[in-house]
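Multiple structures follow.
After this come two complexes, each holding chain A, first together with chain B and then together with chain C.
Let's turn to the complex of A and B:
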């Protein structure tokens, strides 16, 4: 490439033109990204401002950064309990849904049993049916077994995550047959095959699905909003807006609450960026 | 049992048991109950009387139901195509970058997607606050006065759509990036040798090859946005909710505020039919795409 650039002079001119365009486009990308990120930045800055400053300072940095907003929402609202509820709900949904999906996906992919096709059709059907259309009946069913306003009642309808089963089934389908034959020769039973051979072969898929399920469960709004009837049973996602006077009309506190509510999922994304990307492309059926 | 091995069937039964129990209880049973309830006048909790098609005839004459269908369609119109176009633009920008710069820029665009809807609501409610919101500094010079966006009906849906695009676009961006990465490099090298302009390269190579991903993004977004509730509900709280009512919100209102489980179920069936119809369409499109490969 270097020899070409030095030998052929018209190419050098074209390349310089390309570089100017390249730099301009890169600058444009950076500006767009910063503008896109600005709402989050503004929330973060506001959360560190004093109350009187939030309504008069439009500067990019707080004058005297303060943690008052954070201290207030932790001490004067139910935020710590909401955090606990969110953690219990999101972790339970993740563990149960992913475990259930791995078992079902494996059975549908690798084992022969009556009703296998029917199960696959049920999964595809549940993929299409909007959960929002079932809220009334979920409410009636959960109320019928006296589980409203409990963690179990919040968790149960959220366990319908057909995409996880579909991704697992496709993952098990893609594994070479020889692994199975070799393991069976060594005397492994189907359970050992699943938990000792297949899943450990690619923990990446399981990690990716677990993270995306956790983020989805933490962020869920509509069902946890209906299931929680008292302030003490709310998740963070529901609590920060459902309790009108939780923080008062103090924007520093409101933004501190917003930052705290979004922090776990934002961190999960930043730490496991690659896995989140993998989960999204897998669930849409695209090779990443 | 000649076709199946008993031991294998037993193992399968154990493995699928939790799945069958949960999906039976939380998916199949509520779906059947929804249809059944839509033919009764049941309250939210308690038994109702069979009323035949009354709920459905009422629904088609119901002005608010009509408004909810219209608003949902309007929201879909404002989000699906514009959002997908913006995502493609961003993906094209990000795909040109390399190394750490690319991951940082991508994270800045993607981060909103992982946040809960209530956080998105709080942030934008503050940004657009009619007295102290920083975005009023942009709105005021253009319109001439600050606008209370969530209490001004013509502004409501466009802003709800704008925020939704900002919030959910990360998903489509990732799909487009994966699609762009799958386009063979040789094609671009050949085009560069032939002296193709940027526009020619885009219109002759990138666009036709990214088209299947575009269709995928459009259908996923379409199905997702038909189910709109959270943002519209949050931003409309305390305001004239009927003017900005969407379908899921109407199910919620009828069931949980008006205590009519039967009528709410009929609206839910309508939503169900609309979403399933579009899902089947998507499924067919994907199958066609799958067969071509």
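Let's turn to the complex of A and C:
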């Protein structure tokens, strides 16, 4: 009996230790989550306050909730046009970039042609150069072909997505070669192989990459800021800075603009949460 | 008539030659098994016929047409892969009809052909399922159906049963044999499992290190192996080998001095004995007979080491002056480890191999 008691007691102690550690970790996680969430919450709450209340009332909820900020932004800015521009840019970038990346990833992974290895190294190298470092070159080139202040001019430099190519290449590399061989024996050409066998085999990869590309394109600021030179060509992220300049310090309107700008992305995150996580996981090893 | 013919084909990966100047004729409507250990080049050979591997040297003909430089889909060959390679996003129906759909066959033609194949393979109840919802045997049948629907001139099977459990493998063997009887199309079947090759094929080609070691009917290979490699590879349990010295020859009857001092007479196949008389004798377990220790005419005395009762037969592992020999006797043989026994060799079924491992 004594020995049994001796055996049990350290286990019970370990369980208690585990519980305390678990509680502490949970508490820490909650605190971190609150710290992360509070600015978002505050922006949302402020967007529903009157401006005079913003500097007087520091309560968690607005005293007299109002939609004035939203109405003002919608009525006195080009927000609907910015939304449209953002949608055109983000959707175009998503479709074209993912399509090109799938083709490039497939070619590098599955086809044998001279220079394949060199091309792969160039893609890897391009991934190491930050987009900001190329922004002047992009500006000069796009200005040179007279595409500044057009959708095409905004979209073209944003199509450079080496990470997407790398993820696709890794995905195609991971597929057993028998699928390819079976399709070849069935008479499939490379395009049929890609679009009828490889991509449909796991739409999850494409969906995940499309969502993360869409979010990246929607949130992009620096290049659209340079490329769009009139208010009518601005995207939401660029336009929102115009709201700040035009409205002065009106917290309600500013925050309403910010909330409206971030809303599609937030919705995309919420709806496609799993896919976004998958995309981040897929590219995590690469971004290392 | 040769339906598939390889003429002096070689395959090299850089400096490594995996197939060396190999020529092979496969008769129309035959079931030919390419048999050999891992790495002998049998799958490479099959893939060369399929067009999935380039032929470094030599030519490949299917139904009289030189297909050496033809793309796989144009060769008239259909392949069943080891892991089935069923497209996971397509239903059974779509998997089977995939090649027809690529060829832009009408919906009616697709339905007719898929219907016929699925009835033949008893897949008609499973047409709307996806591969993940099928058992191993069902997947295998779908893979066969996908090949069958193309109405090929030759079927190529690359170890198609190796992913199945023993019971299912046995069942699928019967189904494949039945399928061959039904469609009578030329089939080339790669396997490392000699039981599969022996039971399915009407011709076995044994490959060793990229060259044909021997080809013939299953019984030819079993009863008259051309060399030690084939003799040891075909048959389970494997053939017993022991060193002996040829002491005299009268016609095809060779007297050999056995380890332990006794002699035996072995029928040779007319080959030349080596000058020093050193040979290897090969005898299958069922051609060694157990008897009482010191029995007249026996080749060895020995002691039983292990007994395996298999029901229909009894395997005895016997320590003898020639080493450990396996004998196969009746199922109800009453013997125990430690028993002193003698072993008699059935000399008409013994084989002599020279120093070059070729049969004498």
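Just so we're on the same page, the second predicted complex is superposed on the first by the 250 of 288 C-alpha atoms of A that agree within 3 Å, B and C clash if a C-alpha of one lies under 4 Å from a C-alpha of the other, contacts with A are read in each partner's own complex, and residues count from 1 in each chain.
By definition in this document, contacts are C-beta pairs under 8 Å (C-beta built on N, C-alpha and C of every residue); 3 or more make two chains touch, one makes a residue touch a chain.
None of the values given here were measured: they were computed from a predicted structure.
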Touched partner set for A:277, first chain B, second chain C, both or neither: first
Touching partner for A:195 - first (chain B), second (chain C), both, neither: neither
Chain B versus chain C as contact partner of A:104, first or second or both or neither: first
Partner chain in contact with A:37 - chain B first, chain C second, else both or neither: first
Chain B or chain C, by number of chain A residues touched: B
Chain B versus chain C as contact partner of A:121, first or second or both or neither: neither
Which of chain B and chain C A:266 touches, first, second, both or neither: first
On chain A, the residue positions that both chain B and chain C contact, one per complex: none
Touching residues (chain side chain A, partner chain B) in the complex: 21-22, 25-26, 28-30, 32-34, 36-37, 39-40, 42-43, 46, 54-55, 58, 96, 99-101, 103-104, 106-108, 111-114, 116, 119, 122-124, 126-130, 132-141, 143, 156-157, 159-160, 165, 189-191, 194, 215, 218-219, 221-222, 226, 236-238, 240-241, 251, 254-255, 257-258, 261-262, 265-266, 268-270, 273, 276-277, 280-281, 284-288
Residues on chain A engaged by chain C in the complex (per definition of touch): 176, 178-179, 181-188, 192, 196-197, 200-201, 203
Partner chain A, residues of chain B touching it in the complex: 3-5, 8-9, 11-13, 15-16, 18-20, 22-23, 25-31, 33-34, 37, 44-45, 90, 93-94, 96-97, 101, 103-105, 107-112, 114-119, 121-124, 126-127, 129, 131-132, 134, 137, 166, 171, 174-175, 178-179, 181-182, 198, 213, 216, 220, 226-227, 229-230, 234, 248, 251-252, 255-256, 261, 264-265, 268-269, 271-272, 275-276, 279-280, 283, 286
Residue ranges of chain C in contact with chain A within the complex: 50-52, 71-73, 77-79, 81-83, 85, 87-89, 98-99, 102-103, 146, 150
